[in-house]
Structures are given as structure tokens and as C-alpha cells.
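The letters A, B, C and D name the chains in turn, as written, and every chain counts its residues from 1.
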Amino acid sequence: MLKVAVVGATGYTGEELVKILASHSKVKITSLTAKIDKPQKIQELFPSLMGRINMVCELPNEEKVAKAADLIFLALPHRVSMEVSPKFLKKKKRVIDLSADYRLPKGIYKKWYSAVHKDSAGLNIAVYGLPELNREKIKTARLIANPGCYPTSILLGLAPLFKNNIADASLLIADSKTGITGAGRRPDISLSFAEVSGNLKAYKVHSHQHSPEIDQVLSKLAKREISAVFVPHLIPMNRGILSTIYVRVKKPINTAKVIELYKAAYAKEPFVKVLSEGSFPQIKDVTGTNFCYLGIKVDTKKGLCIIVSAIDNLTKGAAGQAVQNMNIMYGFNEKEGLCL
Amino acid sequence: MLKVAVVGATGYTGEELVKILASHSKVKITSLTAKIDKPQKIQELFPSLMGRINMVCELPNEEKVAKAADLIFLALPHRVSMEVSPKFLKKKKRVIDLSADYRLPKGIYKKWYSAVHKDSAGLNIAVYGLPELNREKIKTARLIANPGCYPTSILLGLAPLFKNNIADASLLIADSKTGITGAGRRPDISLSFAEVSGNLKAYKVHSHQHSPEIDQVLSKLAKREISAVFVPHLIPMNRGILSTIYVRVKKPINTAKVIELYKAAYAKEPFVKVLSEGSFPQIKDVTGTNFCYLGIKVDTKKGLCIIVSAIDNLTKGAAGQAVQNMNIMYGFNEKEGLCL
Amino acid sequence: MLKVAVVGATGYTGEELVKILASHSKVKITSLTAKIDKPQKIQELFPSLMGRINMVCELPNEEKVAKAADLIFLALPHRVSMEVSPKFLKKKKRVIDLSADYRLPKGIYKKWYSAVHKDSAGLNIAVYGLPELNREKIKTARLIANPGCYPTSILLGLAPLFKNNIADASLLIADSKTGITGAGRRPDISLSFAEVSGNLKAYKVHSHQHSPEIDQVLSKLAKREISAVFVPHLIPMNRGILSTIYVRVKKPINTAKVIELYKAAYAKEPFVKVLSEGSFPQIKDVTGTNFCYLGIKVDTKKGLCIIVSAIDNLTKGAAGQAVQNMNIMYGFNEKEGLCL
Amino acid sequence: MLKVAVVGATGYTGEELVKILASHSKVKITSLTAKIDKPQKIQELFPSLMGRINMVCELPNEEKVAKAADLIFLALPHRVSMEVSPKFLKKKKRVIDLSADYRLPKGIYKKWYSAVHKDSAGLNIAVYGLPELNREKIKTARLIANPGCYPTSILLGLAPLFKNNIADASLLIADSKTGITGAGRRPDISLSFAEVSGNLKAYKVHSHQHSPEIDQVLSKLAKREISAVFVPHLIPMNRGILSTIYVRVKKPINTAKVIELYKAAYAKEPFVKVLSEGSFPQIKDVTGTNFCYLGIKVDTKKGLCIIVSAIDNLTKGAAGQAVQNMNIMYGFNEKEGLCL
């Protein structure tokens, strides 16, 4: 059994991670920690864990955590992960970091996260943990930068188009809609039920910190600099991201052909499902699962491809993808723990 | 035009009060104040007010408020109202207080609100502002203690039974369900959409601070000491209180007879509607209105009467009732401003 | 007092129309009709109307309706309006039709609504009732084609750009999000709470029947053929449409300049509000009001303008706009009945 | 591997049942059937099943179903189950019926379900499948009458009081609140999002068909006739039942003592959790689980015990309990398949 720890177990992502790991047949959770007032049973903090786990969530103590675990999941806020991660890497532990701290080069990180990056060594070895693009590198990675939720939904929606050199990025817009858990677990009037219920808004319009992450990966795929327009919206629901992506195509191609291409690209992927022509995904298709569902339509006259991509922000967009990465790193069945 | 001010204009109750007063044909709002960082246009704080009012919400300044207004609405937290109210009363202004500060005698107040009451003079002259029970006294009141939301829903549901000496309070249970705005406008994880949505809970089980208010009024009606069992529940909706009330009846009486009695009791009331046999109210019946809807069923074999009472917690349960009280105090049409 | 009738009073739009008209100081509702099983008091069908109106909703009877009213609102499904409208026009009544029946030329209508149009005479005299574009023609119109909810939100968001010849329609995408009342009041599993709650989906992707309506008006403004990409989404909330619009601009222009241009264009409009740079609207800004709020951002490097437009689909998107049209037709204050 | 079939797989209960059975390590699903237009992959009907199962849901065919399965789950409407169940029993199959058809004696059934019961043989051998009360009989049962959702929540909340002869049923009230899935999967305006969202209502006030089921079991426990007052309410959430139960106690007893008694009664139960004094359950504690959470408070002065009981209506209130019964019938670990 692989011994794993979750550092930062009391956010929505942490809760989901513990839920998945507790049912995973190949791992043993050796410690859970979080910045809480005092140690507390995790199943009392999150009653949804009752009957799945019986374990105390301790205060942060990297020394102790490292002793008991071989793989550490960091479900910490950005800027905090880069302080903690080096301590585990030095002790030859492997790390899956769910924050944004290891996804971007120093200069871009500073610009978007308003902080100087403190762990160059980590940055140098970090592998961007999107299995559908990086599976080989993930296998041997010591530090995984687990992708952001929006980038996951958008990149899976666009990768085949860019890989096949069909996308014309001069028109590339991602209009994303996310559930409230995406905003984290914290006291804030703007997140309160009375404000969110019956409401809907765009936020950080074309200025969200996930933008450079999206652009960086697309640029690598396209082998030229790509810059997408990305506008996120907050929706009165708990879980899920639906991204509606508009992209120009370089040459005449129709819906059937693009779907064929996507089906081929994702044929062996356990968690990406390309829908038939005329079908588009809804959030319920993926809630609580690690799946990404894709629906595609091309306007041949305009040369415009519309892709609708749905994931659950807490699973494929965070905790589920982290476990998928773990499964790849340790040679487990990639679906282990993720189809329950 | 009556000149009115709202002190504490930035809570949910304050917002509702401003909305109603702005459309009221007999009043002019002379000032709005609240403990905010800096003065701000109220219609920018609450866009629902756009087009109805164009006015700056100022920082608290009783001197200035008193100069400009004849009637002051206090939409303040309890414990704060009793500090502010005397300043207006001294200047011969009339006050409608929406907090709990003037609803209970000193001793009981201290027990339930953990604070020594500081305004005996105010307490002595305060009139409990439930129009259906106290209309005559309200007319000449200088200080109105506007009722709590739960007590309003429960007392209107029970008054005719107690007035007619039919209720046997040895079995008297009020199971109430409230929308989230009842918890106020404040940052709190337990009020966040992610926690409240899809959730439901009982809270302050048989220990809510509205209990003594309910008991006090029922005791007066019954002319003996009454003590109800009151359990409130938090519901994933924004507005509304539905109270399901179970009370034993002293003598054989059937549903039709009790409904007749209620219809008679409320025949002249503009805001209480007694439904026909077999019909029960839902929250949508009263949302955004100042109405209280009542549905009644008697189990003659058990001698048990079930009353379902629905109000909107922000209108009949707070701001609407405050305006109804104002209408009575100044001889306006009682429905003025409340049927829009 | 203007005598008005509402034909089709029992849908969500009908309910909203009756609510507004009942509080309107210049009109008298002379009849309400709908295809219901038997005549029923409208305030019992829609308790939100209690205290505002006391009137029976009758079965359809155009003869009787026409006798009592001078202006008839048709809140009917498309294909039904064109059967009913001529009967009123023949009797020299004025008609405001809230369906799609008089918005499009015959050929296009047939293509998108799968029906042959039966009222050429009506089509010839119909005026598209978007006051911000057509106020003069509305004044004397005998038949108003009240705009669709999506087109209203999108056209108000784009008109100044097209009027000023700044928009480059080669990239023109409207990604709209609507509340559930937009789907009408009917029994359908896909509209049930259990399916909609916690869910979100795109539908009629780039094939919605409001597309030709949007294109037609933009083409007129631009004086050349415009074809927008329009993708609507269904959101788990009751009311509201938020459209996020992406459009290329022809010449270098920055956010401040575009906002200035919009503020100038809408300076005299009572119901359009252009937000300051950096601010974007949310649905709560407009819920229950007849306002359209607009937020704007330009990416000068990309030459792309992003416009976020928010309206309430039942007011500015339907009933409110119909009343605004009536106010213009009869010379009432344009805001009358719409700022309550 | 036990071969099981689900008849009626396309309701909310059927979906949940398939989800649980698909992950159960001791069973193999041999067929799924439902009254649908044509055979369809169940994971396409319910995308939440994607990756868990790959199976066609067939049209009803008892012959075929019986051949392939040893245990048949009936997730059918009441009145339909009693037509189907005998066919399987005759073939020596075991049956777990999730409808109400085998829970009540003929006379009472007729009164509450307006139908003559057609399967006396079945009624004679049916065992009421509430494991906490009937575990021994369930082990050998051929036909399980799986309890109703409301009765499960109320009976688990009351059983220890009645078993220990502490309850005085002269005051016995259960005020229950249920999520919308409890109303089934069907097109109905009153279940639509636009009607349910922001709404709340009591329904079938003290006249719900689950009343006789509750009374029957309590009467057996008490060894005298018991008749509870039961009022259900519909809440704008998807899953869960919270029952707030008020019952008089015969002798002086305090909260601590009653909690002790409940903890003892449920000490060995895998799915009932009694909370500590001062704590009360919320729906989130049990959503998606097979647990029942209980919170208790006694007013010693009034001699009144308040019990708050929370379950998920689709798991412990239906599908989960059915699987728990299967586990008992076949000697599997009782938690198998139910802690994921």
C-alpha cells in the first residue's frame, strides 16, 4: 500500500481528495493536516466522510507528515505550497501540488500571483499534471503541478484542434461558467447564499489568473505563441465547470470530421468522452465524476468551431485529477478510486 | 409629506425598508445612514433600488438625522438600538425599532440577549407593533417595538385560538422554517451558498431568543402563563417563513368552525388571509408581500389543531410591518406603499 | 384611463404583465383571458397578485375582450398570436404582441418557427418594439412586435458599436445565460427542480430561433448583412439573462472611449445604465426591474470588445418592455409603472 | 457473485440503486428494465453511471429477467409492484420491493392507496425491511417490503423510546421536510424549478399515505395502538429528509439519559449515529450516504422529547436500505457497497 498524506485537508478540494483516497484500494492515508484551531476528526469536520475514514486531522507538521508518507498531496492556497513543497522534496518524497505554484515560470507567476517565487528547484522539476497531454512525464515526476480547474476544462476542449494544427488562434474565446465551490471555503458576503442564489455574474473579465496557464499550454501545443480570451462566470450551483469555447479553424472542416478527430485523439483516454454530433454536455453528466464531456459543432461557413466542455471542478478540475496523476505515477490502474 | 430616516440601511431589512419607503406616496426619505467605510449611493449598494431612489447613505450621525426627520426607523442589531433610540426620543421624534431591544422586559431581555438593558424609559413607553393585536396603541405610540419575524408568523397563526379561549397550551408546538436572509447580511461560512444549498437544518432547538417574545404575547392573550415549544429550521431559499403550528383545542371543534372563527377575527385585516378548508399556504403566496396566509386543519379525534402560517420574513416579518405601523401611526391608508 | 386587456394571462410573462399593469396609474385592466379549464380569479392563480388586483381570468373571447379594451397585450405562444391579432386590429384596437409572430419577414419566420405566416397585413404594419432603437415609430404603431428576451439583451449591448460603425462583425459572438422562467410555464421533466438544480447546459447551440431576430436588427443598424454566433445556456435561477458579447472593433479604441460612446448613446434612456470602467453587471442588479446594465472592456491589442449585458427576462425581456412600449404609444411618462 | 436485476431502473430510486449495485463487490447486475420507449444504455440515460456500468436498460420482460437473476429489486410505482412481484416469487426468486405494496394489510392499503390488493400470498410472507428493527426476519425473507422514506426517518428516531416504554403517544408529532426527488421523476409544473426554487410548502397535511405505515410499526413496538400526527413539507433541495419529532415522555428523564439510551439501542448499528448533547444533524451530514443521524433534546419541565432525524431519501430512505437488506439476506457485510 502506498502511504499518502494530505496537507490542507479542510478545503473543498481537501475534502474531495480525502473522500477519494479513503476508498482507493492501493493507498493508505497516513496523515491529514490543516491550519485549524485544534486537531479534529476529519469525519466530524466533513460528515460525508463518516463510515469511510476514521482519522484525526492534525495541525501542520511537515516533519511528522514526511516520516509517515511517501507521496504528499498539497491542497494549499497558492504562495503557501512553494513554502512547504521543498521540505518534502528534500526528503525524497514525491509531491502532487494542487495550487498554482508550480504551473508557471517565475516571471509570469509574479505578474499574475503578485508574489516572488521562492522555489526555483521545484519549478525546474515540476511536471504539468494533465494526463491527456503529459502522461509519460507524469510517470516519473517527483513534483506534479496539478492543473487549474478552468485550464483543465478548456485545454481538454482544445488540445486536438491545436495538436492537429487546425485552430486559428486569431479568434479564440473561452466563456466559462463555474459552480461556487470553485471560489473556495471561506467566509465572504459575496459567497453567501442570499447573494449567490438567483444571481449570476462575470468576474475577472479577461483578467483571470488562469489565463497564462491556458496560454502556456496551448502555445506549447501550437508551437507558437497563443493568447486566448477567457471570461469566467459564477453560477448558483455547487460543483462543475462548463466552458463554451469559440475558435476559428484554419481550413474547411465540418462537425463530423472534427468529432472524428477528437474521438481518435481521446480514444484511449479513460476520462474524456466525446459526444455524438448534435449532443452537448451538461454539468449533471459529470458531477461527482472525473470525466470531461465534450460536445462539438462547426459552422463551416464562418469557419468557426464551438466546443462545449464539462467537468466537475472538484474532481477532474482538482482532486480527481490529482489521484489520476498518482495512479499514473505509481503504475496503478488509472481509473482506480475514480469510478465510484 | 412625512419626513423619515432609516438608520442601519445596509442590511437586508434596511434594503427592503428603503425599497418600500421610496415608493410610498406619503413620505420623503430625508436620510439614510449605516456603519459603512465611507458614504455611498444607496442605489449603488443595492442596485434593486436603481430608478427608485437617488440618495447617499451617510455614516451614522444622530444629530443630523434627527434634524431632518420626524420618524426614524432603526434597522440595527439588537443591543445597538437601545443606545441610539433614546437620542431620537429625547428630541421628540417617533421611532420604529426593528431590533429586539424593546420587545421584552429587562429581566427576560438580559437572559436571552446576554446584555443589561440600558433604556428603561424607552422600554416603558414601547408598544409592541403587531397591528392585528395592538392597532389602537400603535396609533399614538412614540416608540414601536417592531415584532420579530418568527413571532409574527406564529402569533398571527395562534391569536384567534387564544383570544377565544380555545387553545390548550399543554400541547403547543411551532415548527418554523425560514429563508437565509433571516440570518442577516454577514460573512460566515455557514451561510455560504456551498454550505446552504442542498442543505437543511434545525438550529437553536427549543432555545431561540424569539421564544420569550412568543410566550409573552400568548400569555397576555390567554391571561395566563403560556410556554410554547419553538424549533426553527434553516431552508435553502432567500425569503420567507413557514410556521407549522400544532396546538391542542380545549373543546370539540372542527376545521370548518375554526376557519370561520379565524375569518371573523381577521375579517377587517388588510394583510391576513385565511384559506379555505383543504388549502394550505406556500411561501410563494407571500414572497415580496406584506401578507400572512393561514391554512388550518383540525383532527377532531385527537383534539389537535394544525395551523400553517406563511409570511415573507423581510416584509410582514420586518420592513413591511414597520411601514404598516407607520401608516397606522400617521393615519395613512394602512396598505399605502405595501401593495406594489 | 386607458383600457387594456391581457390575452394569455397565465404564463410567467402574463403574470408579470398583470402585476405591472395593476400598479400602473394610467391604465385600467378590463379583461384577462387564458386557455384554462374554467374562469378563475387571477390573484388565486398567482398569489403574488393578491392585494393588487381582484379580477377573474376568463376563457378566450376576442369579441368581448375587444369591446372593453383599447389596447390588447398578447402574451401567447408564437403561431397563436398571428391567429388572434388580426381580430383586434380589424376592430381598430392597438396590439402589443409579446410572441415572435411579428418580428420576422415571412420567409425567415417559416424557416425558424416551422410555420407559414398567416397575417401579412399585420406583418406589414408591425413595429419592432425596442424603444432604444425605434421610439419614434413606436409612438404611432398600431401593432408592436415586442422583442425577444435574448435579442433585447444582445441588441442593447451592441447597438452603439454598430451605429457608430466600429464593430467588425467578422468576429461577433454572444454567449447568453438565462434563468428557467425563460423556458415557459409547462410540465417537463427537463425543467423540474431535480434536473435543473445543480445543473447547467448549453442548448440550441448556434441554432436558436432568436438568431435571425438578432441578425436582422444588427444588419439594419450596420446597413450590411450581419450574422452573429449565438449560444444560449440554461442556468439554475428563476429570472434574468446575462449575455457576454465578444466583438471585434474596426479601429484602435480603448475601454474608456467605448464606455464614453455608450454613455452618450444611452444618455437619455431611462432604462439603460452603462457601468464605469472595471465594473460589470450581475443579474441581481436588474432582477425585477426594467433596466439593462452594461459593462464593457476592450482588449486593444487584440482589437476585441467584451460587453456584458444584464436584463430581467420577464421585465425588460418581455412584460416590462411591453409596458414601456405602451407608455410611449400613449404619451405616458416612459417610466410609469416600471419603477416600483 | 449474486445475480440481481432491477425492474424499474429509470426513476430516481432506480438510478441510485444501479449506482450502488454497480460498485458492489458481491453482485452482478444481470438485467435492468423499465417502461421506456425503446431499449437504451443506462449510462446514457443517467450519465452519473458512466464508467461504472455499461448495460442496456431493456423493456419489461419478467420471464427473461427471472431467468438471469436470483434477486429482483422492484423500483416500481405502488399498485404496479403487486402485479409483478408474484411472477418472480413463483419462480423461487427473492424480491426486494421498494414500493408501498407490501407494507400494509389489505384493508389499510385499500384505504390509503385507493386500490384493492391483488397479492395476498405476497402480503403473507412479506417482511418489513427496516434492518434496525427486523434484522433476523430479513435474513430469511423471500419478499422484502422496503420501508418508505418518511417512515424510515421517523421510526429510527422513535424506536428506542417506544421499545423502552418511555414514549407517551398522546403527544406525538412528526414534522418532516423532504427534498424534491422524493416526489419522483415526472413532468409536473408544480415540480418545476421555477415553482420550487425559493418556495416551501406543507402538503398532504396530516393525511399522507405514509401515516399508516408509521403507526403500524410504532403500534407493534408499543404493543398498543399508536397514532402519530405527521405533516410533510417540500423543500427546495434535491435529496434528504429531516424529521423533527415531538413526543411526550412518560416519566422524568433528561437529555443525557435519553441519548445514552439511544446510543445503547443503536450501538451495533452500522448506519445509525446518535449525536452528542447539543448537536443536531443537518441534511449535509447524510447526503449520498446510508446513514441516519439523530439529535435529541428533552424539555424535562414539559416532559417533552424533541428528536431530529436526518436521512438521504434516496439511500437510507430507498435504494441504500434495499441494498442493506440484500446484504443481510445473503450474509454479506452489511456495509458492503454502502460506504463509497
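In the analysis below, a residue touches a chain if its C-beta (ideal position, glycine included) is under 8 Å from a C-beta of that chain, and two chains touch if they have at least 3 such contacts.
These numbers come from a predicted model, not from an experiment.
Enquirer: Please indicate which chain is farthest from chain B, where distance is taken between mean Cα coordinates of the chains.
Expert: Between chain B and the rest, the longest centre separation is with A.
Enquirer: Taking each chain's centre as the mean position of its Cα atoms, how many Å separate chain B from chain C?
Expert: Taking the mean C-alpha position of each chain, the two centres sit 37 Å apart.
Enquirer: Where the CA atoms of chain A average out and where those of chain B average out, how many Å apart are those spots?
Expert: Each chain's C-alpha centroid was found; their separation is 47 Å.
Enquirer: Could you give the separation in Å between the centres of chain A and chain C, each centre being the mean of its C-alpha atoms?
Expert: 39
Enquirer: Among the residues of chain B, pick out those that touch two or more other chains and give their numbers.
Expert: 195, 197-198, 236-238, 284, 287
Enquirer: Graph of touching chains, which shape: line, ring, star, complete, other?
Expert: Looks like everything touches everything, fully connected.
Enquirer: For chain A, which residues count as touching chain D in their complex?
Expert: Within the complex, chain A contacts chain D at residues 23, 47-48, 50-52, 197-198, 270-271, 273, 284-289, 291, 293, 335, 338-340.
Enquirer: List the residues on chain B that touch chain D in their complex, please.
Expert: 171, 173, 175, 177, 179, 195, 197-203, 205-206, 227, 229, 231, 233, 235-240, 242, 244, 246, 280-284, 287, 295, 297, 299, 302, 304, 306, 308
Enquirer: State the interface residues of chain C toward chain D in the complex, per the touch definition above.
Expert: 12, 180-181, 185-189, 191-198, 236-238
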